[in-house]
Amino acid sequence: MNTMMGLINLEHEHDFLEELTYFRCGAAAPFAGRYRLIDFTLSNMVKSGIEEVAVFTNHKYRSLMDHVGTGADWELARRHGGLFILPPDWNDPTDISRGDLRHFHNNRDYFHRSKADHVLISGSQFIANTSLDEAFSHHLHTDADVTLITVEVDEQLPEHMSQLRVEKGEDGKVLALTNDQTNGTLFTNVYIIKKEVLLRLVDQCIAFHKDHFFFHGVKENMDDLHMTSWNYDGFSLFVNSVESFYRHNINLLDPDAYQRLFFDNEYVRTKISNEPPVKYRTTADVKDTLLANGCVIDGSVENSVLFRGVKVKKGAVVKNSIIMQRCTIEDGVHLENVVLDKDVSISGGQTFIGSSEKPFVVAKRKTI
Amino acid sequence: MNTMMGLINLEHEHDFLEELTYFRCGAAAPFAGRYRLIDFTLSNMVKSGIEEVAVFTNHKYRSLMDHVGTGADWELARRHGGLFILPPDWNDPTDISRGDLRHFHNNRDYFHRSKADHVLISGSQFIANTSLDEAFSHHLHTDADVTLITVEVDEQLPEHMSQLRVEKGEDGKVLALTNDQTNGTLFTNVYIIKKEVLLRLVDQCIAFHKDHFFFHGVKENMDDLHMTSWNYDGFSLFVNSVESFYRHNINLLDPDAYQRLFFDNEYVRTKISNEPPVKYRTTADVKDTLLANGCVIDGSVENSVLFRGVKVKKGAVVKNSIIMQRCTIEDGVHLENVVLDKDVSISGGQTFIGSSEKPFVVAKRKTI
Amino acid sequence: MKKRCVGMLLAGGEGKRLGLLTKNLAKPAVPFGGKYRIIDFTLSNCSNSGIYTVGVLTQYSPLELNKHIGIGKPWDLDRQSDGVTILSPYTAKEGGSWYQGTADAIYRNIHYIDQYDPEYVLVISGDHIYQMDYDAMIRHHEEKASDATISVIEVPWEEAPRFGILNTKDNLEIYEFDEKPAEPKSNLASMGIYVFNWRTLREYLLEDAAKSDSDHDFGKDVIPAMLNDEKRLYAYRYEGYWKDVGTIQSYWEANMDLLEEDLSVSLNNKSWRTYSQDTNFPPQFIDSAAEVENSLINSGSWISGTVKNSILFECIHVGRSSHVNESILHPHVKVGSGCEITRAIIMENVVIPDGTVIDGTTEPEPVVIDSAYIAQLT
Amino acid sequence: MKKRCVGMLLAGGEGKRLGLLTKNLAKPAVPFGGKYRIIDFTLSNCSNSGIYTVGVLTQYSPLELNKHIGIGKPWDLDRQSDGVTILSPYTAKEGGSWYQGTADAIYRNIHYIDQYDPEYVLVISGDHIYQMDYDAMIRHHEEKASDATISVIEVPWEEAPRFGILNTKDNLEIYEFDEKPAEPKSNLASMGIYVFNWRTLREYLLEDAAKSDSDHDFGKDVIPAMLNDEKRLYAYRYEGYWKDVGTIQSYWEANMDLLEEDLSVSLNNKSWRTYSQDTNFPPQFIDSAAEVENSLINSGSWISGTVKNSILFECIHVGRSSHVNESILHPHVKVGSGCEITRAIIMENVVIPDGTVIDGTTEPEPVVIDSAYIAQLT
């Protein structure tokens, strides 16, 4: 059938967020006040009409499993289809596959039992809020084997360095995939591939002891594949380092960015947590800040992102900081350019100041 | 609150089913036509009013995850509470716990966030169909720290060898736990424990580098604990070897056993699969057999257990065998004392005969 | 929230010609095929066709039906923002009344449809046994740029006078609707399955509701009005098994059809599953004295007698030396020992005493047996 | 399937004294507390108390309410065999009518309760704001071996004449029910929350239904009849926050109460959460020109002006140099620039043009603003 199934492949994503990824994979890192990075990819898949999504993950997947739960909050708690977190648990002594090919090999069932003829594959580091219906139409219309989703960037940012560049011909045809840093056409690591092509390339990769499906299966076979591209021109960003993570969180305090990421399209789905509205008490003083529900504010907050259930007590000052869920900031604390992971408590009177290039990061559940 | 939370601890259950547990843990082994072993434990917990169940598992848990899915089929797909399969995925370099204590240690959250004051702990090898409400009343009434569930057996069977024996005093008080093979009072590996006692014993075990919660935490501290017992006198059995697995499957063909296991209490919950009713064609000849839905029978079947979706073609003969889901037995095949794991196809004309002590076992997905 | 298509499933039929079977039960809730209710076929069609926004219009004896549908889990229709919704006739302060016709039923639920602002509305009824991809029909509707599309099936010419017949051009454009024509010009019968452009249909419903002389029926009023206005109406040809189970005889036949191998309706079709509430009963037990042939038997059953050419629902017991032939046994029926049951439909929970003989071969239709019948026997 | 207790939630009230707020909305569906509907408090109480079989009786303007409850997911009431069920007045072939009184509403749903064969029935209404453990009340009922237990709250003696007062012995056994007594003998007011033994209640409902002169009301008819028969009736004392939001003034006060710190009703209580449909809107944005104080603000909102002592629902925009004070803004309200809004309740989706001044301090009750009001301004 002319429908897509989804695959979020985390095998080759590194734990780039230092303290923030000691206990969770990057895809589970909190972002923009109430989300995890993976929420954007998952929501985009659901918006594109995808009803079954698999996640290939190799370690630190518990927080991911806790976050997505049954998948109900993405309408993916289905009897048929649904959401499958697939950690490595393989017991086949004859298995010779390596790298992400082990996932493809050991989860072949997943591809076979679906009626979809196309697979939308994505990582978790490209952040946008969109349906990929148009990309899929383009993929079908051009009868492509593979369609790469690209974005054009005006300014090369540090997080763009590692993205492949796409040279395009007529109608989006992919002429070359390079590392040419002067080319502003970036591959987003999101692509659509025909299921039969995928399965054929997987077999081929395994037979030749390859370990990276996209590089060895797709890129090395470019000449034999009908490969096209589709450009997404809405608001987007990449997060793949502490610096880009911090910068993009703070950038969302630009009203235009906030508007474009969250209101140009239907909402982004995330885990529902039933927090009450934010409570501003009489001594609250809040400016230029994103706040998720459940926060209780007595103190002063400026140019910051507050996740769910953060408490800022009277006399505390929070500036240019990212405070994750359920942190408590006691009386008289002063924070600037700080990232607090969840469940951190900062007791009274302390001051912590980092820089915007090197924010001061506190790992989760610490009490300081 | 005077309620229980559930814990199914598979850490110390070995892969006793040879070919049948090459790719799955014992708890996920198929049983009685449409169940997995774990269904009995899970259903009993739900019948006992438990709304949150954790499963400690260390390997081969994928088939278990596939089987339980979101937990909806046990009414455990809940926003609050629900079912948690907890594979090992720990990244704490300071963690010094060992054995099943690693699970208790790393999943301490699970115990803390529940309002329940008592924990029902079970393995997956004790098979019965019952609520444990009475046992829990007894536990509350005697204000016990720990209540062991026991059964009385008249005849010592091979699978009973490894079960601890309980010497009881007045009102079920546990006087001793022994290996005395002449004592017919068997511990079922199912017990209720006060949550605060559990957490205290866990800390103690970890501090002393212990690796088995029940042996080192509970049994070794018997003198300091108020430990009582409650005897279950309904139908029950233990499965912990290929031989006991095979024998108990076939024993269910005794109408009395079938009746007592399945009809003396509410139904046993399992994964719902929407198979149609069994279709008996004109050449079917079936006697003394349990059949799950989705089977299509043209051949002859006697004294056997057929799981969902098994096809027995014209002229095939199946006797004293256990045929798991979606197996196909072609024309003229003759099977006796055979166990086929799921998705096995036996092509035309072949004969396989095992013995009841040593049935002929074929691993899953084989085509012979 | 915008949806491409909303399904409206008419399930309020009394099914009077089903006699005892619909005495306390809406027709769509009548047990069928050993495990299902009649409505499961249409609900499963919706789910399999990717139509996840479904309003079910109930009115006659809705209790069992509402309970059966519940929150729609078996059909994956338990969804946060759409899924299945039971639409009973609304009781206003001044009182309420039943739906007056098929079009009235939709008219009175315009608010329900409007909240999804759909492109299309699919109107189906819960009375038929068939497996059909509605999405293919909607794509046909789109390709023809149609205002309304009606699904048709070829019937034998001699039977055409019993149906609503659609007369079409070669390109399947409908120019005439002929209700039970004495001299049919075509043998394409309407299956009562419609796809409409919602905006168009909405106007016609408002207009029709204002007419005092209308029966408020799609076939009799709305379709003719659209034809009259020269709207684009197309037929969509369906090929496959389709059966209206309107009478005891056709109900019995449709059940027996499931024992045939060659029909395109199949409960064993993995890519087009028919879903129902699953009962979680244990596997069935066929004991040493049993003989079973050419039959469907559901879980929880225990067979000690002979069963031939029959459909047995869940938790049936057939005692020793009993013979059940060409019969349909609804859930939880217990047949004692030494009984002879032929061409009968035994209703839910009926207990048949040892030695009872029930022979439906002498009647024009199979006999339907309820507890009252058994009580009066003894 | 047997259940210990079935909850019956009366949610059909018109709430006439809420004026505009209930013009198109049943009272239990009125937005409350920045994120909730009034009924969320009782539904959450059920879920938190372990009562998972809940019939919600709707009749007046049920659409929004039915949509809000949906399949009951937020309250964990989306269950296969029980969960939440909407019970609208049934329309029979001859027509349907509204429930005649609280007792009639339960009487007409006896079949629903019977299918669970419960020990107890809990009768509550969806009109009040409170957080209560019904299970504790049921345990109290069991301990007293009571036939019926009524939850009571102490009210100031001078207000007692406005309530239904229960006169009890020292052991809380009720010997008299005094509806709005001029000279109250007690200050224990009925909260309209009842636990009954189902078998006993069932008899009284059948009896009451047969009486032509009855109002079919629990307080007026059923409880007095039980007292008359010397059944065991006990009061259950509730201590904590409880408010009937029957008027605009009390609705506004109850909202403002959420801004108080010392009340026992708390939205931040982790062990007694109040659940609602979550909207998935993005975090709120408080921009550089904003000033926010002593207020509750929900997600999706964007504040550029000054907000004090107010409750703002989801997706509110408050423009620059606008002041919102002592007001309640329902979802999706847009306030332009340079507005002054004091002591007002602004209804859903209302767009307030730049420079508008709304002052509710001159009226006895806060003003309620809808789109019509705004249209007539300009």
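All chains are identified by letter, namely A, B, C and D, in their written order; residue positions are counted from 1 within each chain.
Note that a residue touches a chain if its C-beta (ideal position, glycine included) is under 8 Å from a C-beta of that chain, and two chains touch if they have at least 3 such contacts.
Small disclaimer: the values here were computed from a predicted structure and weren't measured.
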| item | value |
| --- | --- |
| Identity of the chain that, by mean CA position, is farthest from chain C | A |
| Pair of chains joined by more contacts [C-beta pairs], B-D or A-D | A-D |
| Rounded Å distance, chain C centre to chain D centre (Cα mean) | 40 |
| Centre-to-centre distance between chain D and chain B (centres being mean Cα positions), rounded to whole Å | 45 |
| Chain C: positions in contact with at least two other chains | 73-74, 79-81, 275 |
| Shared-contact residues (touching 2 or more other chains) in chain A | 72, 79, 272 |
| Parts of chain D lying in touch with chain B, wherever the complex brings them together | 47, 73-74, 76, 79-81, 271 |
| Residues on chain B engaged by chain D in the complex (per definition of touch) | 72, 75, 78-81, 115 |
| Residues of chain A that touch chain B when the two form their complex | 22-23, 59-62, 69-72, 77, 79, 82, 86-87, 89, 91-92, 272 |
| Interfacial residue positions of chain D with respect to chain A in the complex | 33-35, 73-74, 259, 267-268, 273-276, 278-288, 290-299, 302, 307, 311-313 |
| Complex interface listing, chain C residues touching chain D | 59-60, 62-63, 66-67, 70-73, 78-81, 83, 85, 88-91, 93, 95-98, 111, 115 |
